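Chain lettering (A, B and C) follows the sequence in which the chains are written, and residue indices restart at 1 in each chain.
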Amino acid sequence: MVPHQFSRCHSILKMLERSTSTTNSFTRKLSSDSSSYVSVQDDEEIKELAILTLQKKPINTFCPNLLRDFTIAIKNIEQDKIKRAVIITSAFPGRFSAGLVLPSLLGKTLEEVKELWRWLQASWLSVYGTRLVTIAAINGHAIAAGTAFAIGCDYRIMAEEDYLAGLTVIRMGIPVPFWLSTQMANLLGKQEAAKAVQLGTLFTSHQALENGLVDEIVPLNRVFEKARQEVPRWLDIPDHARVAIKQDLRQSLIDRVNEVKDVEVDQNAALVMQPNIQQNIARALKRLKERKNNKPS
Amino acid sequence: MVPHQFSRCHSILKMLERSTSTTNSFTRKLSSDSSSYVSVQDDEEIKELAILTLQKKPINTFCPNLLRDFTIAIKNIEQDKIKRAVIITSAFPGRFSAGLVLPSLLGKTLEEVKELWRWLQASWLSVYGTRLVTIAAINGHAIAAGTAFAIGCDYRIMAEEDYLAGLTVIRMGIPVPFWLSTQMANLLGKQEAAKAVQLGTLFTSHQALENGLVDEIVPLNRVFEKARQEVPRWLDIPDHARVAIKQDLRQSLIDRVNEVKDVEVDQNAALVMQPNIQQNIARALKRLKERKNNKPS
Amino acid sequence: MVPHQFSRCHSILKMLERSTSTTNSFTRKLSSDSSSYVSVQDDEEIKELAILTLQKKPINTFCPNLLRDFTIAIKNIEQDKIKRAVIITSAFPGRFSAGLVLPSLLGKTLEEVKELWRWLQASWLSVYGTRLVTIAAINGHAIAAGTAFAIGCDYRIMAEEDYLAGLTVIRMGIPVPFWLSTQMANLLGKQEAAKAVQLGTLFTSHQALENGLVDEIVPLNRVFEKARQEVPRWLDIPDHARVAIKQDLRQSLIDRVNEVKDVEVDQNAALVMQPNIQQNIARALKRLKERKNNKPS
């Protein structure tokens, strides 16, 4: 097998070619690409920047449709040669994402559960492996898949009020895939990551900063603006060089996921179908509903 | 070779099967399994928890017999299906372990030294690779092999008084095996680990906490209770999922050890037999005895 | 392929043999090996220590000649069996090194640029892979290649006044090679390294300490003395054991560089020859000259 560093200069040279070709002929129509679950907009000032907003009411739970829309949105931005960066955020202040939608895992056929896992892998790789600068503007709780997509980005800014972030799915008996524990270790160090992913730890914003789960915290109402202000620092760097290094740092994990992804889908889907896991999911869903009903409306 | 993540779901499914089978028929007789060097007891309240106490007078120096008893104790707890966690501690407050017993390395035959190394590898792997939650209650100095077993655990609580921990054997000219420098790097980060294992650094309790060598420090008389209080957090997580992640994080190092373990035994034993290393060991032993004799009795 | 840990004991035993052979017959003539760009001197008190001083006026920019002299100096010290440690420092307080000399990259033939890259690889490997204890006494700004050589050492002491260190070459569109991003990750952790190498971050001395880029900071006029004081701690450890561990920690990266080094030279030289990169270099050079001219003389 060719070591991943070989592929590097090929892509550098390709990017250099591309950057000298005519990008003006490309018609931008990103703002019209919004689905009901994901909106993509051009930034008003920074023309290289797209804003990807999760907008599935009420708390951006990831169902296969949202995962698909999200993946397509990333790919569309990538294909726009003018775009060099994307901010990922939520339309609902206080709620970045509550993770996978539990009913998508409950009482489904094996094939349906496999489909969910396939989209989860594909969408995460689309964020983790993109040439774009990726900045997570975590404007609220980021639970499970919410945290997964945030840690796939290059940079994370989180609201400093008492919001929570963490990979919690193990609490229902579903271990996070190795690519998430690996990326957690890249951010937290191996021992802290080992504890966090085995215990399903939820970090408050301040704990998230201290542990390296996020790069910065600011008041909720400044998260988005701070994310925009971070962008020029990254755009100052020539893309072909930044992407070459991003590839050096990330390609080997991407390759490992690709090697085992079908087996992983089969195994995780089989696990989710187990009666005791189904019971755990049903119980978690019941608790969520009870909590909702107990809230004053 | 099959990548280690493939083996993951196999073990998940096996663990799930096991957890639904009849565990009640299993007769527990752990508390009677104690040898003179290691005692294993059921926790009085948490039935899933075993307490493994090192009790070789006066300072738990590891000879082949203690290493063997220790390994067997871990294996026995593992085979008890009710047990899910183990606390490893010392019967002697202030002295967790002083490391390998020097006379076991001095004036022995090559075969005897090889035997010691084999047990050291086997016992460390039995801790590092166990399905059990492993918590080190470091109630005193943890020198050399004492630190080695502690860092093989999932979690470490150390007495906060001025106790010392570190991998010091390099001072006699014996480099720690690569599995210990790797696991040190997992806890301390690579540069701090590089310094610690090359210089044989001893850390005070507070330095150990700051550097990530231990997860928590508390007063000596609270170490054991704090370790017990840590257990439920880990038992809350379904075993099959926790173990799957532990395997993701640890299997590749275990595989690497297994690939080279016979060569390592041969090489390390040959090194220990070198005249200058024998002199270093003799000198260290002499210093220890002089220090003992100078103490008021 | 033989895993790198196999080669370990071979070298241990060879070093042991060597340390018992007659080292006195070796004639030391290090102090006379100085070229105009690099000076090598014996330490006055610690006979195992050599001092390697960069002395290319005015700011130690690395041209092929300096890289070659530097590499040869390291190799010469290595061949002196009495020498066990080297301090790398600059003859010009306030200026450790300004990195590669830009004219060496501008308007040159492909073969000339390749030659520069070959020496850069070779010189970095000579530092990173040496049996010697390597201590960087960073007595001033350490930019680009200046930082590269410092992070290849075992230990770094930096002047605490507001000096700068960092791998900045990406700002001209040249990505650092994977071996530098890997070693940065060993010091800073992966996420902090990812930011630093993608953004070409310059750290002040205090930031360098906080982030693990250096091990210690002291006032400029104490940097060299502090580096000398650090040496005995490392010389206390038997070389064969320290080197065995250093090899465990560093050999796999060295092997990876060696596998791809010719391809890397070809690709990086081709990149540097690209018109837009040549423009970036010309622009950076112009800015440097303007800055110089604007200074009161």
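A few notes on this one:
Everything below uses one rule, namely that contacts are C-beta pairs under 8 Å (C-beta built on N, C-alpha and C of every residue); 3 or more make two chains touch, one makes a residue touch a chain.
Everything quoted here is computed from the prediction, not taken from an experiment.
Shared contact partners of chain B and chain C comprise A. The rotation relating chain A to chain B, fitted on Cα atoms, comes to 120°, given as a multiple of 5. Residue numbering at the chain A/chain C interface overlaps only partly, since under half of the positions present are found in both copies.
Annotation: 37 Å between the Cα-based centres of chain A and chain C. Among the residues of chain B, those touching two or more other chains are numbered 185, 189. Every residue of chain C that touches chain B in the complex is listed here, in rising order: 3, 5-6, 8-9, 12-13, 16, 19-20, 154-155, 185-187, 189, 212, 215, 233-234, 236-238, 240-242, 244-246, 248-249.
Every residue of chain C that touches chain A in the complex is listed here, in rising order: 170-176, 178, 181, 185, 189-192, 194-195, 197-200, 256, 259-260, 263-264, 267-268, 270-271, 274, 276, 280.
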